[in-house]
C-alpha cells in the first residue's frame, strides 16, 4: 500500500437547496519522499481533496459520502478527533493559498510557530528548547530569528509565506500539502519560495502534494502528476508520462498542455480548451468532460469511463480502453 | 485619530431590482411577520375612531367600572378611571406611529442636508460640522432629548422636535461617510472621467447607494424612537395624561401595579410588539438590500 | 503614543466648548424664570433685581455665554438654583452610586453578552442559537423603564425576593443592574455572534486548525481576540452611557445617583446643575472613547504600529 492512498473519495457540499459534487470517486496515491503535482482548473476540487485529507472540510456544509484515506497505514477517516489532531500539523501539514490571510494578525509570528511546537510536543521539551526551535525554523526559511517578535503585518507577502512554511514544517511532518503556495506572490518571489520548499523537502525527507494550476511549477518540482477535472482524477502518472511524451494523454490534459505557450513549437497561438468546467451542482452524464471534448463519441455521453492503467500511467477515458487488453 | 473598521464597506452595498429585494425579503419569515404586524398596527391607527370612539371610550371616566378584568365588552379590561384599555391602546398607536414617522422624516431630511453639505463642500465647513456632530455625539442622548423637550415645553410638537434633533447627527454622519466613500469608488472616477457633471453623479450614483443604507437605519431607528417617546411620556416630559399615550398609560398604570399588573403589562407589550416589528422589518430589509451580509 | 494621546486631548477642547454652547443655548430657550424659582412668589422688587444682576440675567446671551466659559475655565460652574451651593458639591456625592451601577452593569452585560454570543456563533443555526438570537431581538425592543417595572413586579411584588427601591445593600443593586444590563447584553450577544462568525471564516482559523489546535483553543486564542474590537467599543460606550443615561432606572429604583439628580434638576429647571452635569458626562464620554481607542491599539498590533508612527 502506498504511503498516502486515497480511494474513491466522494465529497459533497450542501447548503439545504443545492448539492455541490466536489469530489467524485477521487483516487490518488503518493509514495514516500515523492512530490505529487495536483493540477486542475479553479473549482476542480483540488482544495477540497486537501481539506478532506486533513479532515478540515467546513463542518456545516461539507460531507464525505464515501471512500477511504489511508496515511502511513492508518485509516484517517476512522480516527477519533483527538487522534486526528496529532496528525494535523504533526504528521501532515498544510500551507494555504494566501499568506496575507493565513496568519493570525494579533499573534506574533514567533508565537504562531511556537504554538505548533507546543501542540505536538511529544518529547516534552522545555519552553526554552521550543523557542530555540522557533529560531531554528525561522533561520531555516531565511528569516532573521530576531523577527519572531514581529506581527504578520510587518512582513511582506513572500516573507509571510516563509513564516507559513516555517509553521508547517516546525514539527517535521511526513507529508506537506501545499495549496497553491505561490499563487498570491510576485513572480520573482514565487521562484525563491519554490526553490526553498524544494530544498527543505529534500533536507527534511518529506512527501509533498503540490496543488497548483501552473504547469511550470509542476515541471519544476514534481515527481508525479495527477490531473483533476470536475472532482475526479482523469489522468495520473509520472513526470515522464506527462512531460516526455505526447501520444498517450487524456484529451483534457492534451488541451491543458496545449494552453501553455511552447517555445519549441512553431505554433503561434495558444489553443485554450473550449467551454467551461461543468456546474458542480449539475454534472453531465457519462464522461464529465464530454461536452468540451474534441474526441467525444456517443458512448462518452452516456457511460462514465473507468480508469485504464498502463505502467502506472492511469487515464480515465474510453479512448484508452483497448490498450489494456 | 484612526478610523474604526467598518463592519462592511458601506458604499458597495448596491441595491438590486425591487423584485430581487422582495424575493430575498419574503424568504425571511421573521421579517415578513414584522411587516405584517406593522401593517396591522398602522391599520389600527388609521381606523382607531371606527374601532372605538375616542372621547366616549378612551377619555371619559367611568368610575363604576374601574379596574375590571377582560370581558366581552372590554376585551383588555378597564383602567383605574374605568376607561376601556383596548380603546386606549388603539388610540395610543396613533401617537407612537406619528412619533416614529414624523421624527424619522425630519431627522432623515435634516441629517441628509447636514451630511451632504459637509461631504460636498468639505474643507472648513466639513470640519466645523463634524466637530458639532462630535459634540452632539458625546452628550448622553437621553439627557439631550430630555433637556430639549423641557426647553420646548410639553406636547406632541415638542417631543417630535426634541427626538428629531437628537436623531439628526446620526443620519448626518451616515450620509457624509457614504458620500465620501462612494466618491472614492472607481465607478465614480469612471463617471467623472466620462465627463458627467457633479449633479448627475450625485443623483445617479450617490443617492441610490445611500438610500438603501438610510432606509435600513430609518427602520431600525423607528423602534428606538417609539421607545424613547414612551420613556419621555413616562417620566412626565412628553404627552401628558389623560391622553392615551402608551408611556403615559404606564405612568398612570404603575400606581395599580401591585394588584392589577395588567395595567403595566398591556401598554408595555404594545410598545414591545410595535418596536419588535419595526426591528424585524429593519433587519429583514437590511439583509434583503445587501445579500452579502448573509452567507 | 503620548503624542497621540495629547493630540486627542487637544481635539477635545473645541468639542467641549461646542457642548457648552449647545447646552447653554437649550437652557436659554427653556421657559421659566430662575429668579422666581429661587425667591418664590411675590418677592420684593429690589431682591429680584439684585438676584438678576447677581446671576447675570440682565446681560445679553453671548455675554452670559462667555462669562460662563470664563468661569468654567476656573472650574467654577456656578451655584445650583435650588441649593445655592456650587454645582459639583451636588454632583460628587451622587457619583459613587452611579459609578457602582455603571461598573456592575457593564461587567454583567459584557460577560453575559460575550459568552452568549460565542455560544450562538459556535453553535450556529442550532436551537440554542435561534433561541438566543430571537431573545436578543426581543430585548432590543423592550424599553428600559418597562423592563424595570416588570422586574419589580416579578421579583419584588410577586416573589418578594429583592427590594424594589432604595440603597443600603448590594441586594438593592441587583434589579437596577439587571434592568440596565439585560438589553445591552442582548445587543452585545448579537454583535459578538456576527463578529465571531466573521472571524471564524478567516483563513488563519483554518491555519490554526491545520496545526492541530483544539476547537477550544481556536475559539479562545485565535478567534476571540480578533472579534473583540467592536465589543470593546460597545462596552466603552455603554459604560459612558450608564454613567449618564440611567436616569430613568435610577429614578424608578430610587437610587440617589447622578442620573436621578439630573432628571430632578431638568424638571426643576435648575440650569447650572444641568449644564455642569452635561459637561461632566460629555468629558467622561470622550475620555472613555480615548481609552477604547487605546485598548484597540493594545489588542490589535496592526493599529498599534499605525499610531505609534503618528
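The chains carry the letters A, B and C, assigned in the order they are written, with residues numbered from 1 in each.
Note that a contact is a pair of C-beta atoms (placed from the backbone, for glycine too) under 8 Å apart; a residue touches a chain by one contact, two chains touch by 3 or more.
Quantities reported herein were computed from a predicted structural model and do not represent experimental measurements.
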item: Per Cα centroids, the chain farthest from chain B; value: A
item: Dominant interface by contact count, named by its two chains; value: B-C
item: Averaged-CA centre spacing for the pair chain C and chain B, given as whole angstrom; value: 22
item: Approximate Å spacing (C-alpha centroids) for the pair chain A, chain C; value: 53
item: Residue ranges of chain B in contact with chain C within the complex; value: 1-2, 4-5, 7, 30, 131-132, 134-136, 138-143, 146-148, 150-153, 223, 227, 230-231, 234-237, 247, 250, 254, 257-258, 261, 264-265, 268, 271-272, 275-276, 278-280, 283, 295
item: Complex contact set, residues of chain A against chain C; value: 54, 56, 60, 85-90, 93-94, 96, 98, 101-108, 115-116, 119-120, 151, 153-154, 164, 167-168
item: Residues of chain C defined as touching chain A within the complex; value: 124-125, 202-204, 206-214, 221-222, 225-226, 299-302, 305
item: Of all residues in chain C, those that touch chain B in their complex; value: 8, 11, 14-15, 18-19, 22-23, 26-27, 29-31, 134, 137-138, 140-146, 149-150, 152-153, 157, 194, 201, 229-230, 233, 240-241, 243-245, 247-248, 251, 262-263, 266-267, 269, 274, 277-278, 281-282, 285-286, 289, 293, 296, 303, 306-307
